[in-house]
Structure formats: C-alpha cells, structure tokens
Amino acid sequence: MEVTLLLESTDNAFRVMERAREHAVGLLDTAVQFTAEQTRFRQEKRGQLLFTGTQKRKTQFQNIVGTTIILLAFWMLLSGKFDAFHLTLGVICCALTAYLFHDLLFANVRVGDMRVIAARFIAYIPWLIEQIILANIHVASLVLRRKMPIDPQIVKFKTKLETDISCVTLANSITLTPGTITMDIKDGVFYVHALSQKVANELNAGDMEDRVAHIFMEADHLYVEDVLDAARIYQTLRT
Amino acid sequence: MTQFFVIIGVGMCVLVLLCLYRATFGPTILNRAAGISAIGTKTLIILLLMGVIYDRIDMFIDISMVYALLNFIGTVVLAKYLERSGEV
Amino acid sequence: MIQESDDVIVKAVARLLVPFIVVYALYVVMHGHYSPGGGFQGGVILAASFVLLGVSHGLEKTRRRMSEKAARVVSSIGVLLYGGIGALCLILGGNYLDYAKLGKILRVTPAEARSLGILGVEIGVALAVMAVMCTVFFAIFTAEESPEDYRSVE
Amino acid sequence: MILPFDLILVLFVYICAIAAITIKDLLSAVVILGAYSFFMCLLWTQMAAIDVAFTEASVSAGIGTVLMIGAVSKTKRRSND
C-alpha cells in the first residue's frame, strides 16, 4: 500500500517535473527567438541609420558644393579680378560661408531639376514685365480720372502651390503688379488686396498661378473661395 | 548727357519729397514705414545716377548694393515689433 | 522679440538672402584697399546678416552658428589679430603697424607686404566688429527672456 | 559738386532733423532718423567722401535702426515732455 503510494507520488513528481521542463524549454525557446529577433531588428536599424547617415552626409556635401558654386559666381560678379590670389580668397570665403549656411539656400528643393527651373524662371520674367506695364497703365488711368472709380476689395483664394518658394514667387509677383498687394499667406490661403474689379477678375483667372506652378513643376489649379467686401472697412477707416 | 541725368535726378528728388511728406506727417507709424521703404529704393536710384554723373560707377555700385541687400531689415524688425505689441 | 517668424514670405526671403549678404560682406572686407569699404563696414554687414537670421528664423538657428560664447571668443581673436600684426612689425624692427617689415618673414617685396598686412588687419577688425555687434544685438533682444521686465517700472 | 542736388538734399536733411527732434512718438522718431541717414549718405557722396557714405549706409541700414527699435521696445513708446 505504502509502496504503491510512494510509486504514485514519485510518478506524479516526475510528471510535474516533466511539465516544468517542457514549460522551461518553451520559455527558453521563446526567449531565444525574441533575442534573435531583437538583435536582427537592432542590426537592421543600425544599418538603416548608417545608410540614412551617409545619405544625409551626402546631401549635406552636395548642398555645400552647390552653395559654393552659386556664391562663387556671385563673388566673381562683384570682384572682377581674376588673378590667382583673389580667386583663392574667393574660394576660401565662399566655402566658409557655404559650410556655415549650407541648410539655408537648399532647404527643401528637389535637387536635379534646378536647370529646368532656372530656364523656366528666366522665360517667366518678360511675361511678368509685360503684365506690370499693362497693370501700370490701367491703375494710372483709374487714379488720374476725375471721379477715381476704384473698387477696393480683398480677394481670398486657396492655392495649390506646395513649396514655400513657389508661394513666395507668386506673392511677390502679385505685389509687383500694381493694383494688387498680397497681405498674408496662412496655410496656403492668399489674402490679396485688389484695387478694382478688373484687376481682381484677372487675379481670379489664375493665369499667374498657373505659370508659377509651371516654373516649379507643380499642379496648376485655382478656385475662388470668397470675396470680402472692403467698402465698410474703408468707411470705418475714413471716419 | 550729364545735363539729362541731372534733370532725372532732380525729378527723383521731387518724388522723394512726396514720400518724405508721408514719412514726416503720416498720421500712423505704418504710413511712415511705407514712406521710408519708398525713400530707400529711390535713394538707391539717385546714388546710381550720381555714379553715372561722376563717371565712377564702380564705387557707387557698392553703396547701392548695401542698400539693396540691407534695406528691408529695419522694416521687418519694425513690423515684428508692431505685431508683438499688438498695435496692428 | 527674436522668435521664429510665422510668415512664409519673410522666412523664405531671409533664407535666400543671408548667404549672399555674408559673401558680400566678405567681399567688402577682402577688397577694402581697392574699393570703398573695409573692416568696419564689412563687419557691420556681417552682423546685419546674423540679425536678419535671428529676426526671421528664431534664436535657436542663430545660436547654432554664432552663440554668445563664440562671439566673445571671436572678438578676442579679432583684436589679437590686429595687435599681433602690429607687434610683429615692432619685433621685426619697424614701427607699430609698419607693414613693410613683414616682407622679411613672408619673402615678398615691401609693397606686397604692405597689401597683405592691411588685409590681415582688416580681417581682424571685421571679426572684432562683427562679434561685438552680435553681442550687443543678443544683449538687447534677449533681455526680455528674464522674468523681470523693465516696463513694469513705469 | 552739383548745386541743385546739394540744395535739395540739405533741405531734406533739415526737414528730417527737425521732424525727428520735434515728434512725440519715439518709434516714429527712429523711423525718421532712418530717412535722415539716407539723405546724409547722399550728401556724403555728393561731397566725394565715399568711404564715409559707405559707413553711413551700412551702419544705418544694417544695424542702427534695429538696435534703436530694440531700445524703444525696452521703454515706453511715447515721451512724456
């Protein structure tokens, strides 16, 4: 009786130990799996970091070289002396400046289509000058008339331009054209003050925005959201 | 030819006088700031005209370059001051 | 007053213009003995570029390029360059800032030595002026970070 | 030396100086002082002192106005007297 009890209890004990061993093996297996996965993950991440690091350094180097070339052209334009001493001075100065300010000139420009952008920008300038002359004549004819038939209003439209540099180009083009002034850009919405209805209509046609989008190779689209009535504001300002 | 440039320069000075009226008697600070910006660009042109008259354009280009590059810093700081003090 | 501006136009224009202002200032310094300009003017224009950066892009980006401590060191370096060239001429047997005596070390004719000596002195003056102007700018425009404001004493 | 330029510029300098010292608003005085330095620079070039004109241009356009506005922002904007 006691022997059978003893045998049973040992058997039980062995079974428990067996189960414990199985559990332990399972745990160890998962642990090994986890560590392996973790090391693999860490290695991958390190490789990725290394890769992005080298890429970052590479783009930084490209930025420095590009900035140096542009600034060197500016230096030669200013200096006008092409002997070895002055050229060396220029290279040193431009490289120093490019090292200090490499992230300013090429902050968010897609490198590679710079030449196309430059060519299109130069082709855009004559059209802008023609536009400025036409608007000048229009505004002068408005202002010099006896009754001064101006109709000031604030036009608000949402632009499809994406990068800041294209927004700035459009804003400065609008401001350069007489009769319209860009007041603010907030989250891609332009607030433009227009002097007369004709000028506002020309703005709403969106020709200029399409051209600017064409320069910087972006989508071209424009729709008017709202036209605020500025007459009341002028009334309150006048009184 | 010199006479021609002198006449143009005097004409620019008349335009400067109009801006100067707005800058001195302008009722608000914003009128004055706009007047000063206009005066700055016209000063640049008068400097270049003087360079042509005196026939030393390479000297005068440097000064007008300074104005062209630095003229708007004062306006930007003034605008930031007005924006921060909540007067506009 | 120096915090990052939230206006797109000001930020983009300042970003494009600052390197050109710096190169122009360096041109004014380096060609000081042919054309108008020199150490003082170049240094002031350099400081103006840092002012523009601080006004448009905030204090952090400016401090990364020219901190207060760096300004202190650079101003000392500038004065040292100026005084060192003068003292070197004194050691070589001439008067103070008598650049012609520098030709003995540089192995050039006295005329070229004068040109190089003036260039060195102008670089020193430009560094000192730039650093001091930056220090004044930081001192005036960052004082409002301290809790007590002068304006409460009206 | 061109006489009409000289007379006109001296007139402008007088106007700016008188306006800058009589005005009550300190910020406006700073702005008018900027105009004063423009005309002073033109006057220096008129007198063939190009280096002085360069200094005037760089100091006033670059940093003088900025530092003065910073100084005004530390005090009250309107003067008492």
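Per-chain numbering from 1; labels A, B, C and D assigned in written order.
Criterion: contacts are C-beta pairs under 8 Å (C-beta built on N, C-alpha and C of every residue); 3 or more make two chains touch, one makes a residue touch a chain.
Here the structure is a predicted model, which means the values were calculated and not measured.
Asks: Compare the CA centroid of chain C with every other chain's and tell me the farthest one.
Replies: A
Asks: Measuring from the mean C-alpha position of chain A to the mean C-alpha position of chain C, what distance in angstrom results?
Replies: Centres of chain A and chain C (C-alpha means) sit 32 Å apart.
Asks: Centre to centre, by mean C-alpha position, how many angstrom separate chain C and chain D?
Replies: So the centroids are 24 Å from each other.
Asks: Could you state the distance in Å from the CA-based centre of chain B to that of chain D?
Replies: Once rounded, the distance between the two centres reads 11 Å.
Asks: Whole-Å distance, chain A centre to chain D centre, using C-alpha means?
Replies: So the centroids are 39 Å from each other.
Asks: Residues of chain B that touch two or more other chains: which are they?
Replies: Within chain B, residues 59, 62-63, 65-66, 70, 73, 77, 81 contact more than one other chain.
Asks: Hunt down the residues of chain C that sit against at least two other chains at once, touch-wise.
Replies: 1, 20, 24, 36-37, 41, 45, 48, 51, 55
Asks: Provide the list of chain D residues touching at least two other chains, using ranges where the numbers run on.
Replies: 50, 53-54, 58, 61-62, 66, 70, 73
Asks: Let me know each pair of chains that touch one another.
Replies: Pairwise, the chains that meet the contact rule are A-C, B-C, B-D, C-D.
Asks: Which chain C residues qualify as touching chain B in the complex?
Replies: The touching residues are 1, 5, 10, 14, 17, 20-21, 24, 28, 35-37, 41, 45, 48, 51-52, 55-56.
Asks: What part of chain B is in contact with chain C in the complex they form?
Replies: Going by the criterion above, the answer is residues 58-59, 62-63, 65-66, 69-70, 73, 76-77, 80-81, 84.
Asks: Give the list of chain C residues in touch with chain D in this complex.
Replies: Listed in rising order, the residues are 1, 36-38, 40-41, 44-45, 47-48, 51, 55, 133, 136-137, 140-141, 143, 150-151, 154.
Asks: Quick check: in the complex, which residue numbers of chain B touch chain D?
Replies: Residue positions touching the partner: 6, 9-10, 13, 16-17, 20, 23-24, 29, 32-33, 35-36, 39-40, 43, 46-47, 50, 53-54, 59-60, 62-63, 66-67, 70-71, 73-74, 77-78, 81, 85.
Asks: Enumerate the contact residues on chain D facing chain C in the complex.
Replies: That would be residues 50-51, 53-55, 58-59, 61-63, 66-67, 70-71, 73-76 of chain D.
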